Structures are given as structure tokens and as C-alpha cells.
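Presented below are the structures under discussion, each in the form of C-alpha cells.
Okay, so chain A shows up in both of these, paired with chain B first and chain C after.
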Partner chain A sequence: MAISAATAQEAESTDTTGSSRFGWLRAFRRPMTLTGVVIVGVFCVLAIIGPWIAPYDPSGVSKATLQPPSPEHWLGTTQTGQDILSQMLYGTQVSMLVGVLAAVVATLLSVVVGLAAGYLGGVSDEILSLLANVFLVIPALPLTVILAAYLPKTGSFGIILVISITGWAWGARVLRAQTLSLRKRDFVEAARATGERTTSIIFRDIFPNQVAVIAASFLGTVTGAILTQASLAFLGLTNVTEWSWGTILYWAQVSSALLTNSWWWFVPAGAAIALLGTGLSLVNFGIDEFINPRLRQAGIGTKKAQRAQAKAARAKAPRRRRSEARSSQGRTRTSDVILQINDLEVDYVGEGSITKAVNGVSLTLRRGEVLGIAGESGSGKSTLAHAITRLHKPPAQISAGELLYQRDDGTTIDILAMDEDELRRFRWEELAIVFQSAMHALNPILRIGTQIDDAIKAHRPAMSAGERAARVLELLDLVGIQTDRVDAYPHELSGGMRQRAMIAVGLALDPEIIVMDEPTTALDVVIQRQVVEKIIELKDRLGFSVIFITHDLSLLIEMSDTIAVMYAGRVVELADAKEFYRNPRHPYSGGLLGSFPTLSGPKRELEGIPGAPPDLRRLPSGCAFNPRCPLAFDRCTAVVPPLFALAGEAEWQQAQAACLLYEGDGSAPDRVPSDEGAPREDHRLVEEAR
Partner chain B sequence: MRVLLRRGFFYLVTAWAAISLNFLLPRIMPGDPADALIEKFHGKLTPAAVKALRVLFGQSHASLWQQYVDYWHNVFTGNFGISYAYYPTSVSDVLGQSIGWTLVLISVCTVLGFLIGTGLGMIVGWKRGSWLDSLIPITTLLSSIPYFWFAICVVLLFAIVLHWFPLSGGYSVTETIGLNWGFISSATYYAVLPALTIVVASIGGWLIGMRNMMVTTLSEDYVKLAEAKGLPKRRIMFTYAARNAMLPSFSSFAMSLGFVVGGSIVTEVVFNYPGIGTVLFKAAQAQDYPLMQGIFLVITVTVLVANMLADLAYVFLDPRTREG
Partner chain C sequence: MTTTETGMVRNETAPGVAVLEARHVTKEFPVRGNPFGRGKGRVVHAVDDVSLVLYAGRITALVGESGSGKSTFARLLAALHPLTRGEILFKGEKVDARGGRRFREHVSRVQLILQDPFGSFNPVATIARTLMRAVRIHHRTASPARRKAIIDDLLAQVSLRPAAQFTQKYPHELSGGQLQRISIARALAADPAVFLADEPVSSLDVSIRLGVLNLLRKLTEERGVALLYVTHDIASARYFAEDTAVMYAGQLVEHGSSEQVTQNAAHPYTQLLISSAPDPSRADENRVPDIGQPPSLINPPSGCRFHPRCPFAMERCAEEAPPRFAVDDGQWARCWLYADDDEAAAGRAQNARLHGTGAIRRAGRPVPDGEL
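Take a look at the complex of A and B:
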């Protein structure tokens, strides 16, 4: 039971979704789980048929005393000549029966208490939780021993009762926490709103979602009950004439089997308990991994995880040099490129399937530029952010492309070719990242100051503690946090403050580029505004470049120099922010722009984009946007459009759009029509042009 | 502070519940243990001893409430009556002689088991996906082995076959108990095998729990950020992952400790160790109810105190619990 202690703690915070109610059956496919199932299965069969296949009467004495294992007595004999194999076979039945029945009773108790406490809440919850916690803290075995002693020489029934009384509390606690979290879920709320009866909600909506947790708790209790029964029997507190694994050990101990060196007397019973316990735990691992999918991922400490990251990229043939890379990108306004992304591809490698989350993305970031990347969820924008910093984890893997970083002195380095050490030095020194949720990205149990100091200490080993402390205060001041909050913990700061602290962490080493992955999404509009203004102010003052990723296009237009719109892993439009706002070229950009209010600028009617973002595993043929596109025509389902260069004003970036409307001279329709009638017309226009 | 007060209150309630349970059990269980004992020791008991028995196990003439009050009076004065297994020693004396052995053995083993198990769990979790994963089935097997059976195997191997360590007992009979070098070294020598049993058998549980929490913690954003910041691996592993991953171990300490205590008690029996487990075994054999009750109380109170210490450590490690 102790095995699942911390695991179950974790289970309290996770939950299973309504759609995968019986998905946990899949857990049985893993070899480890399967082994467990087989072990438990064999014991179950033995428990049922044991007494029939036993070669001797387990209590029958004979003259063959203390015989080691032999063809007549496979497991040897006892001091009085009893056959140990027969005792084991009878014992399996009793031990398993006690284990399973005690676990059934204990699990029933914990389900009733857990569901009731979690669902009813209020005073009943307080009382039931207190009761469970009290039973958890009172050491179970001494209590069991005393209970068993008051029922002297009881048979299995009394023992089952005693074990269930002491064994229900843990399951009840886990189930209560689960019920609490499920109760707040939409489908339960909905059932309550429609006036369903409480009992029916509990049994129809809540209970099925907890099958996995209940099963895990049941199996754990079986192990515990078998162990407890064995202990009690070993101490002579059960009926010692009834054969169970514990009773065999009791007689072995009482008859000093050790001193006569008759190992065969006590080895089989203990081995059986250990084996069955292992089998049950293995099954439980499978269930744990189902409940908590994160347990299946590879750890970051492994070389494998580090290597898998950019395997394909490093295995590639000689890399293109900087000049070639530049020319392939087309016209660029200035030569002060700092980051060049060429044909980057990021795959999610599943079991036998590969999903392209980022598909041939090429982008250019210049010094002092704010490059905004927009897109719906699932467009690959966050995957791109993680790939740029090489922070992606398996199953994500960069399969192709280049990430070229240009240093101050003009030399170019390929980020994908860096080894772990180079990468460690490069990251943060040159390229920092600010995560979406500061709540999760700051370690809750370390002070803000320490978390900034850590970064400095790792990269500037020569700096003294005093210098670092001064720098930490300077950084806090820079982002607008009072310097006396340096010793605060993340939970002591407001949401906006935490995000500022995150930015301070990012700025710690004065990086050249900061990648911001939805840094303001979790904040309310007013705070969002303050944080964005702070970022712009700092950018102007410190001169770093920003890659800003968000789904909030209006925010992006305001703060970016260049905007890239992503759809289904590809960049579908790339343009100057102002030009983009005035004249979005890609039909998707038009729709996206139409679905957000702007903070400033003329009012316009909000429209949504019909349909939903595509499933990356089953992309439509041709242009991925074609099923949702009001302007789609036949060829759109046949050809994946590349980025076409477009005419128009450009300060930072010549506009490009990946849409067949612009095939040819790139000047075709200069405005994506947003009114109802237009699409048909346009459609025809393009068709004629062809 | 408020968290500590709340926990303190909880432990008071638990202690009250456990002691009251102890009072109630003999009164609701079938049969009359007091009668059985008086019968057994026919004529040998002094009137005072009979009275003490009645207070513990129920008097026919006093009201239940009066019995309850008397019972509490006895608990606070440490008067648990006379032990019958060790007649005529009083229960308090028997407890006094044995508690020290168990306390030292279990606390040292719990700390060792926790440190080794959690440390190994940290490494296995950190290197999840490597060959270290193959340790999991092995530790599962280890933690499924009943403590007492493992103890028997250890005795067979190290005491009977190899003669490295003594078979049973707590110290060599030639030494006198006290703070002298001879006794301490002898006691340590005798404690090696029981300690080995308890530590090895308890490592598995800590290891697997910690490993799972470690793996979960490693996918947190703050660990990713720590990695991005370029912190040394060691710093990420200890300060950003392990320290956070350890927290649930503390909050589920109660259950794990109960498990270790239960296992240790039976282990003592195998080694005939002069601690409270062996005494409990003898008490159960002799149906010495006063002694069993006393042992249950002492173990419960000790476990409660240990849990309070774990709670203190938790508050020390997690700043979030420090405010209201």
C-alpha cells in the first residue's frame, strides 16, 4: 500500500475525462502490466482449484518428516511429515479469499465514504474526512492485532472484518478528492441543473469516471490485506489449524524450521506472497500510468531524451552557409538579421505515426524587431516557440530545417547543431523565453530573487554573490517590481507581478532575443496592457528582439513590426503589421482579423471563421484551410500553396501569402473581400484569369 | 502558523479518538476479557489489581461515563494495570523497558529507508526511460515481500549459514545495559540484521512513490524554465525537481510510517528483539489485554508525534502552507 502513497496523491489532482470512461482497459497492453495480469490470474486459478489438485491432506501427518523437496513431496514436508505443497495449495485459497473479500468490503466502505464526502460537501464532508484521516494516522497493524486478539482464534470471517475496518481510509481520501474535482465539471453541473436526482448523478455521472481509481485502490488493498492476514497468522492470532500462507509460516517459526535449516518450509509461502504482491503492483502501475499520462514520458535526465530532440537535424548533410540561406529567403530590407529560421519541421512521433506540427516554416528576425506569430490553438505556434529554443521534449522532434543565429561579430551559428553544453551556454545568454503562465513557470517553493539569481549564477560563475544580488534588484526595478519583494514567493505576488517577474528572469543576462509564448494570455485586459507596455518600453531601452506569440491578433498588430500568421503548422501570411491590418491577404487572416476587436482604430463588425481548426493527423488535401475558406476553388484541394511574394508597402517585411489567389504575378486581388456576395465573384475572377 | 494550529488540533482529536477506541473496544467486543483474566489468575490477584482490571475493561456497577473518566485518569497517571504475560510487572514498567529499543530501531530505519528510497527514486525518475527503469520490478518485488519473511531469510543467510551476525536478541548477555561502550557496540551489532530487514523492505515504497512524483514534476513548466535558464543539471534535479517532488511524500507520511511500524513489529518477533513488537506478540499469545492496550496507546502516540514532525518539515519545505 505504501507503494501507491505518493502516486495516489498525484491521482488526487488529475482526473479522467468523460469521453475515455473505459479507455483504461488499454493500459493492459503494456508488457509489464500484462505480466502482472498473468501472475494474478494464475494465483486466482490456483485459489479456485487448489484443494482439488492437492496431492495430500494438508494436515495429514506421515513418517516422512522434514524431507527436502523430492518427487513425492515437491515442496518437501514439515516436522510432522505434512506435505507443504498441499498446504500451499489450500493456503492459496484461504489467503486469496481473505485478501479479496477484505478488499471488497474496504473498497465498498471507501467508495461510499469518499463519494458521499466529496459530493455532499459541508459538514458531512468535514466529519467523514476527519474520520478517514484519523484512521489513516492510527497505525493499522497494532490496531488489527488488538482487534484480532479480542476475537481469539477467529476464523477468516473475523479477520476479513478486522482488516476492512482498518483498510478503507486511504481509498476514501483519494476518492473524495476525485469526486470533488469531478463535481465541478461541466457534465455533472449540467446533470444537476437538469434536476437529476443526487443518487443518480453519483452513480451515472461520477462513479463511472472513477473506475480506474477505484480499481487501483482495490488492488492495493488486496495486497495490504494479504500481508496483514499473513502477519496476523504468523503471530498466531488467527485460527492456526486453518491453512493459509501465514499459518504455514507460523508453524515453521514455532517449530524452529530455521534452526533445522529446513528452508523449504518457509520459502514457498513468503515467495507466493511476494509474487502475488508484485503481480498486483504491476497491474497497478498500468492503471497509474493511465490515470497520470505524464508517467509515460522520458525523463529529461536521460541522454536519449536529449539526443532525440534534434537528431534528424544533426544527421543532415553539410549545412547551407549564411549567404545561401539569406538568398533563399528573398528580399530583405536590412542586413542586420539576428535569427534566421529555414524550412523548420517539427514532428510529433507517435506509435507508428508522425504528425507534423510545424511544417516548413521560414522566418527572419532582425535586430530590434518585434515579430508577432499569430494562430489558433493547434496551429503550431507554441511548438515553434519551443523548437526555436530547443526546449521541445519527446515525442516532439525537429526533423528538418535550420536555426541560424547571427552573433554581434557577424558569425553565424546553427542552433540545431549545438551540443548540450553549447546550447546551455547559448540559451538565456543570447536567447531567452518567457512562458505563458508565470504561475506554472515559477517554482512555487523558491523565492523570486533566487530564481533570477539562479540564471545569473549559472552563466556568470565569476560574479560575486553581492554583484548578483545587486543585479537581481536592478532587474526587478527594471520590470517594475518593488525591490523589497525580492524575497517573496510566487504565490505572494499578483498575476501581473508574477508575469513581470518572469520577464525579469528572461532579461537576467541581457539576451539578444526573447521568445514570448502567450505571455499575457492568463492576465486580465488592464494588466495585459501594462505588461505589454512594459515589454515595449524595455525593448526600446535595451534593444533586444522579440518573437511574440499569441492568438490575440489585435494585440499583435499593435506591438509587432512584422506579423506571421500560422495555420496547420505553416506560415500562411507574412507582412508588415500596419500593412497587414490595412490589407490582410490570406482569406484566413481576413477571417482572423474579423473575429477580434481592436484596442484602437476604426470599429468594425466582428465575424468568426466557420468550422474548426483542422486535425493535424488528418489534414485536408491541398491547402489546409480550404474546407473553411469562403474563396476556395477546385485547385485549392489539389495544390499546397507556397508563399507568394506580394506587392505593397513594406518597412520590415515584404508581404507574402500562401494562397492560390496570388499565384502568378502576385498582384491579383489586392483586397480580400469581407462582404457576403463577393466571394463568388472573386472565385470566378480567378478562374477566368487562369 | 494557522496550518500548524489546525494540524495540532487534528492530532489532539486523533489521539482522543484512538484512546477512546481503546476504552470502547473491550466493552463492545464479545466476551469479558476481565473475567477471563481473573479466572485465569484465580486467587493470585490482589484486590487492587482486580480493581485496576475493572477500570480498564468495564465494571458492572459504575456508569459508562464514570468508567470513562476513571479510564482517562489512569491514562494520564500512566497506570495501565498489571501485565499478565510478565506477571507481576506493571504494564508501564514493561513498556518502559521495551519502548527505547523499538524507538531507536524504527526511527533510525525510517530515516535511512526514507533517505535511500527517496534518493534512489529521485535518480530513477530523473533518468526515466533509461536502464534504471528495470529497477522498478525489482523494487516492487522487494516491497511486496512481507517484512517478517524477509527477516527469516536474512537470519538464515547471515546468522545461520554465514555466522556473521547473532541469531536473535538485542545485545550480548555479558554486557550490562547502560551508556557504556561495550553495551552500545553490542547493541549496534545485534541491531544490524533487524535494521537491514526494515530498511531494505521499506525502500521500495519510498522509491516508487518518489519516482512517480519526480516524473510528474519534471514535466512542470518551472523545471523546463530551469533547464532553459541553463542551470547545472544537479541544481535542476535537486532544487527544482526533487524538492517539489518530495512534498507529497511528507503529506502521505502517516500511511507510509504506519506501514513501516507494522512491519517492524513483526520483524522484531523474528529476531526476538527486546522491543515493543516482541512484547506485543507475547501479550497477544497470553491474551494480556492490559499490556496490549498500553502498547497500542504508546505506538499510536509515538506515530502521532512522528507525523507532527513530518508536518513541521512540510511547512518548512513548502512556503505556500505558511500563510492562512
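Take a look at the complex of A and C:
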């Protein structure tokens, strides 16, 4: 059955490497994290064993007063001859104990309050949030000082209490906000719909996803608590006979250690606080990798990957300025060509690996043409759009190819050879880009009129404010936004209107080419239809060319002149849209077309394609489509098929398909497509091959 | 071998046993206004008086644009939100899902499948752990070994074999199609009588959508489960569902067999939806007029909610909400065009000129409230 075939292949494509029980250990690969863990670990060990290894009684006086560090007293002595190393070792225990216990209590409080407020909502949220807010606005230090002044006799535990009471509110707020957003996530909804209890959802879905935040807030609170304890002790608000880093500083201060230049008295305590704080922060940086299985497997943020990316950014692909294209290779070069993409390759540089997202793509865009690029996720269509506009970011990197742009005056320029200034001028003036999410592409705090105005101002400094304002209104009118909406903010516009505003920004400087990457995917069909018709109407009126990228083949066929189908980084079929719809040649194109349900006409059989799009890192050998191809034969696993020219009528683009079925000159009479839907030669060929 | 054998052949016979029934279901979400009066007491009319029946072994599509209330309606059926008015019946019995035990009883019979497979799994839990939780809820007495066997069986039912390849994976290691199959497996753990699939394939690649839809169809037919297929894609409703209901601004505006609704749409909104959908097989190039946006659901338009966008709107459309008119066998539309008078007849003639096959439709029969 089709289904079982489909999943068998899906299963095959899944590798068995990856998650292991000890995956979290990989987080230690990061040297920063490792350093932090070591520092914190050393302090913890010292805190535990400190009193046993201390060479002297920390309070014991001796005759060796105010000695600088020496073999007898490694860290020197105080005015009364007490050994500072021993004081430090005893002090580590108290300081760490106060820091960790205070952070535990404060974090517990904030987790309970934050999660309860965020998940339960309603009245409990109001009350708990109010409580947290009250504690937030209480000035912490004065309160701490006052509370500490009343509680000095209770020793460290009083201080722990004081620090936790003043320190939990901020964490609670952060966790409440996190819980609120997690609660709306689908997997929490899914857990509810499965019938999970509220407690189970909180502890299994919400809590584990916040461990990173909780741990970060815990580590931050530890640092804060140690600092607060030190401050209080320094001010003499704790039991000054109990040794902690703060008390050492207190005694150094009251004994005027600074005046006697006894640096060894206060430096160790200060350095310990700073070092532990640094260690905790370093652990904090790496905490996400401990928690998030995705991050720790991807190795994002590992030194190696970062180095590879930095190298990729530096290394520029060999680029030459060309005044003439290689017409000798027999490429279509007519005068109306505006953009010629030759053998473009885009790589994603990862940790020790290079993934080809766009692999040898050659396309031609003519003036006034709509070139549609279709493909599924991972086909490289969006990478291609970014590469054409050179908006790709590392780790993506153009490793080969040419992007030849032909100006009005007939001169040709390679976009890849442009420097930053040329590129800035080229974008928007000659080539504009409209992306999928208009809400993200528009600045939410600027009125749309202002945003269009900004685009014009940046490129046409000579234009007066009045001329620009007139142009803004003209553009809004052009894309069908009522001109009185010029002062609207993006959120005040509907999705369709925002997408039109984006198109207006794109059109502001009369570009010759507009690249549209899934511009209507987020829109409803009715609105999508309106936006698409607007684009076509404007194109007819203003005469620009469009590169339209989408996964929606039906839409593409309706609006494009030429269609390029991409699969696994390559163009597998290129043809006139109408010809393509009548007679898709590549088996993948056929399968894709056959996957779309139709609304009009008799219901035809939906065939679909077994399997799933391939993982670019593990492409099958030969033709990337061969494991899913119903017509595949032996040679398909051995040869990567180039585009073969096909016979047939063509208005814009002579049909081409990258399929071994069309090997040869493509003009063999038995392969001439027929409109009657007679069985194509393909089938017979396959029979023979089998 | 084509998918037709496994899936896309549909029985156009009588509906069968009603499993889940929504009667006059209404949901209003309060608007958070400022505390000084302005905006207080306002509500979003997300779902307004929707009645729909789901039958055993039968797929019903609920089609609408974003914001039409179709997803909210599915969640109401899953008892994830309390109803404002109306009632939900499961096999004739009124559903009361207040309180943990009764809620769990309801969800063990009615399972929701969400749109985004990547979002609907806890990112820090393995597939085995996620499935184990569902199995533990719905098979309380089973031993740990038995539960493991149940998980393997569930994965086999959604054609993910061998199970061991998937159970130890984290969600980000699997593809969208695989994850969506696992969500279906998770729903199957409860052995439900009703599936509520909220856009189950719209975030999947086109080439793998059919596989997931066929799987849902197979499960529906083999297990006699009722399936509500919530979608924005009316073309897929034509192929996948026996019945189609069209929702606009929180209300059902048309209902009938999928073939009737897509090939002979009665309501002007359905007609707009169909003419807007991209479809290269369509011969004519009729342009859709630019008719504005769906209305605010805080202050919905008076009368028929579609009248401000409707090219055929008459005076009464702004004044009085239209009743349901039965227009064809089993098909009804909530539209004044099908009233039995001269003005409506003129409207129908105009409608036939712009849409449809040219034949002018007859007036409809008002549907009594209790009838479905």
C-alpha cells in the first residue's frame, strides 16, 4: 500500500544515532562551562573540608601580627596574629552555606509562586502577582539592613531568611511570564487533551522546560546572596565572631588594614567572592546545553562550530567581475534577460561538515516575467532567495556560481562581486525583497507611512519631504491600502494589509526585480487571492520581474510564467507554467501535482509521493529523488542527472528536466508530450529497465 | 498501487450512528478591558450557536478562515474550555466535563490532534516518555511491560516500524510527518470514539500530507471513529470528508455533503472561498472582488455577519440574521437569498450569473430548529 511504502522509507531515513542517556555530558565540551564547573566545584569542596584542613584556629591570636604571606602563614596574619588562610577556609563554609541555602529557599519560593500564578491564572494569579510586585518594589537593601539589625543573634540562619525573603520576587515574575507562554504552547494543550492532571502537566511539561531559567536564576541568586551576606557582615550587621568572607572584610576594615597597607588581609576574601561569582556565571552560560537536548546534540555554541562559522564568514568565494557572460556555453542569453543565475552553490558550514543547500542552480529571469520556484522544506528554495539578495547569514555561504544582473543600459554586473555600498544601493533600487512574515519585517513601533518614507529617504537623499510624502501616498494607493491609513501602526492593519504594506516598501524605489519568499503563506485564501492579484496587476502596470517562491504549487501555476521545481538543492524541472501543468515531466513534479486536491472538474486520483523529503546531510546516492521515485531504475542510484532539454512548445522557457528518463537529446519523437494524456514513454522505459 | 484503495474512496451512504453532537454551542471570551469602565463586559463572540453532529466512521470537515472560530469549536468539543451556552452530547448523553475525573472520562472518548507537530511535543521528553504518559492515563491497570507493548502497538498502527527507532528519540530528531503520526498514536492510546483533528496536515510538506490523511481515514473506517477535520483548505475537504460545514465569523453558514458544498455552493461566502482557492484546473478566470476583511468578533455586524462583504446583500441581511434554508438534498445555507420571495429570487438570478453553472437555484425550505 502507498501508506506502508511511505512510512517504510520514512523509517529508513531515520538514523539510530543521536540521543543517548549521557548526552548531557557533552555540554562539558565547552571550555567555558568546564572552567566554571571546576571553579564552583573547588569552592564546594573547600566549603565542606575547610575546617578540617585549616592549619590554625581562625580566632586564635598569636604573636605574629600583621605578617605578609609566608611559609608559616600562606595568606599572612591579622593585627592580632590570626591566620587569614584559616579564616578564609572557615569563612568559605559560612559564605557558601548562606549563599546556597538562601538561593534554595528563594528559588523554591519563586518556583512555587511563579508556576502557580502562571498556570492557574485567575484570582490566584492576581494575588500571587500582587505579592511578588510588592516585594519587588520594596527597596531590598534597606529592608535587608533593617531585618538584619533585628536578627543578628540568630546567626547565619537569620541572614539566609532575610536574603531569601528579599530575593525571591524577581525570579517568581520571570517564571510566571515563562509559564504563561508555555501554557499556551501546543504540547501543554496536547497534554491537557490527553487527560493529564494539572499537577502532572506542571511537573512534567512546564517545569522541565523551565529548568534552564530556574537554574540560571538559582545560580544568580547564589552570587547575589553571597554578596549580600558579605555586605551585611562588612557593615557589622551579622555575628562578627562567626567567620565568613564578609567578617574578614569587616575586621580588615575596622583594623584599618588599608591604612597599614596590609593587602593580604582583604584581597583573598574579595578575590574569592569575585572568583566564585565568575565561576557561577560561566556555568550559567552553559546551562542551556545541559538542559536542552536539541542544543546539546546540535553542538551549537561549541567552540569548533563557532570557529568553523567564523572561518566561513571570512573566506570569500572566488569572485571575478565579469562584463560579459559566458555566452560560449550556449546559455539562453537574449537581450531581455535581467537576472542570470549560473551554477550557484550555497553551503551550510557546520561542525566539521558542509551541507549543500543549493547545489548548482542555474536560472534565467526575463523582464516582466514571473519565475515561480516551488519546493518542499529543505529543497533550498528559501536559501536560494536569500542568496540571490545576498541576505544569507553564516553559516550559509555562497561557494560557487554567478549572479549576473543586467542593467537597463545593457551592462552586466555580478551581484556576488559587489561591495557593501554597491549592494546596499542595488537592494531596493534594483531588487526588492518581500518575506513571509510581514509582522516581523515591519517595525512595530513605527507608522507604516514612516517606514516607507525611511526606505525612500535612505536611497533618495535629494528628495524633499513633500515629494516623499506624496510618493508614500502614491505607493499606498498603488497596493490598495486606503491612503488615510498612512499613520497606522503595523498591528492596526490586518495580515493582508501588512503584506501589502511590505510590497509598498518593496516598490518604493521602482525596483526591476522583486523576490518574494512565501509572501502569502500566512494569509487566508481570500486575502491571498487579493494580494496575488495585486502583485500581478502591479507587475503588468510597472513592468518589474518577480521571483515568487512558495510550496503551494497550485498557486504558483496560476500566477507564474515559468516554474522551477527544486528538490534537495537542485532544480529538477524547469518549464512554462502552463506546459508544466499540462505535462509535468519529472516524476517528482508529477507526484507533487498529484498531491494537490482539486476543486473544480471531476475528482481525480490523488497519488501523493511515498516517503519524505531527504535530509540534506545524508542525501541518497545518484538522483536525490530515487528512493521515492516510482519510476526509478538501476542507474538512478549511480548518476546525478543533469537537466535535459526537452522537446515541446515554449513561450518563456524551453522545458528541462533532471531525470534520466529524458537522457539523450530530449527531442526523440516518442517523447514529445501529448495533450491527450496518452501514456508517456517513461513507463515503457522503466518496464525495460526492470 | 494507488492510495485510492486505502483511502480516498468514500462511502456516500447514510450517516450512521451519531457519536458526538453539538447543540447551539456558544462560546464568548471576555475581553480584558481597563478597570475604569471602558471595554468592561465586552466579549469576543468566538463561536455562536453552532450545531453539528459527528457520525461513527464518518469524516466531517469544518472549513473556515483563521479567526472563524473553527479551532475554538474543536476545543469546545474536547471540553478544553467551558461552554457559554448550549450543550454537547456524547451518544445522546449530555457531557459534563467539570472536575478532573469527568474531564478525563470525556477526553478518553474524544481526542484532539493539533496542527503543529513540532510544537505539540514536550521538547525535553523522549517520544517513549510522552507516549507512556498517555498510556498510563488510559491503561491504569496495565503492567509496565504491557504498557511498553501497547506503545509498540500504537506506533505500528500509525505505520511507524520498528518502534525502537522512534521511542528513544527527542521530538526535534523526527520529521513533521513522523511527529504527526506520533500525535495520532498518542490520541489512539485513549481508544477514543471521536477524533478532533485541528488542521492535522497544514504544517506538513505537501508530498507527505496524503499519507497522514490516508492514515486518519483508515483509522476512522477500521475503528468506526467519528472524525472532525478542521481545515482552511476546502479542496482537501472535498477529497477527504463526506460532509463539509463552512464556518464564518463564529457561525456555520453552510452544511452539506462535501461534493455538494464544493461543486454547488449555496452561500456567497462559500462561493468566495472556493473562487479564491488556488486551483489551476479551474477553466474560467473570474476575479474575486476586493471586499475587505472578516469582521471583528467583539462587535459582529448585525443580521447576517457576512453582509458587509456580500455582493448580493439585501436590506434585510443587515437587519435580521437569516435562518437555515434547506437548498438541496441534505444541504443547507444560512442565507436570505434562499427565502421564497421576489427580491431573493432576483438575488439568486444574479448569483447564478456570477457563480455557479448558470441554472438559477430554487428557494429553500426553512429548516426547523430541532432538525439537523
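Annotations for the structure displayed:
Just so it is clear, the second predicted complex is superposed on the first by the 576 of 690 C-alpha atoms of A that agree within 3 Å, B and C clash if a C-alpha of one lies under 4 Å from a C-alpha of the other, contacts with A are read in each partner's own complex, and residues count from 1 in each chain.
The rule is short, and it goes like this: a contact is a pair of C-beta atoms (placed from the backbone, for glycine too) under 8 Å apart; a residue touches a chain by one contact, two chains touch by 3 or more.
Bear in mind that the values here come from a model prediction, so they are computed numbers and not experimental data.
When the shared chain is aligned, no partner comes close enough to touch A:Trp243: not chain B, not chain C.
Judged by the number of chain A residues each one touches, B leads among chain B and chain C. In the superposed pair of complexes, A:Leu258 makes contact with chain B only, with no contact to chain C. When the two complexes are overlaid on their common chain A, residue A:Pro444 makes contact with chain B while staying clear of chain C.
When the shared chain is aligned, chain C comes close enough to touch A:His551, but chain B does not.
With both structures placed on the common chain, the touch criterion links A:Arg424 to chain B but leaves chain C unconnected. In the superposition on chain A, A:Asn209 contacts chain C only, with no contact to chain B.
In the overlay built on the shared chain, the residue A:Thr278 is in contact with chain B alone; chain C does not reach it. In the superposition on the C-alpha atoms of chain A, the part of chain A touched by chain B in one complex and by chain C in the other spans residues 1-8, 10, 292, 294, 297.
Within the complex, the chain A residues that touch chain C are 1-8, 10-11, 13-14, 16, 18-19, 185-187, 189-198, 200, 204-205, 208-209, 211, 291-294, 297, 376-377, 480, 494, 496, 524-530, 533, 551-555, 557-558, 581, 591-592, 595-601, 603, 605-613, 628.
In the complex of the two chains, the chain C residues touching chain A come out as 1-8, 65-66, 78, 80, 100, 103-104, 107-108, 111-112, 114-116, 119-126, 133-134, 137-138, 159-162, 165-166, 168-170, 172-178, 181, 183, 186-187, 189-190, 205-211, 214-215, 218, 232-236, 238-240, 262-263, 272-283, 287-288, 290, 293.
On the chain A side of its complex with chain B, the touching residues are 1-10, 32, 130, 133-134, 136-143, 145-152, 170, 223, 227-228, 230-231, 234-237, 249, 252-253, 258-259, 261, 263, 266-267, 269-270, 273-278, 280-282, 285, 288, 292, 294-295, 297-305, 389, 391, 393, 424-425, 427-429, 432-433, 435, 437, 440-446, 454-455, 458-459, 489, 491-492, 505, 508.
On chain B, the positions that touch chain A within their shared complex are 10-11, 13-14, 17-18, 21, 25-26, 29-31, 33, 123, 125-130, 136-137, 140-141, 143-146, 148-150, 152-153, 155-156, 160, 202, 204-206, 208-210, 212-216, 218-233, 235-237, 239-240, 243-244, 247-249, 251-252, 254-263, 265-266, 269-270, 280-281, 283-285, 287, 289, 292-293, 295-296, 299-300, 303-304, 307, 317-320, 323.
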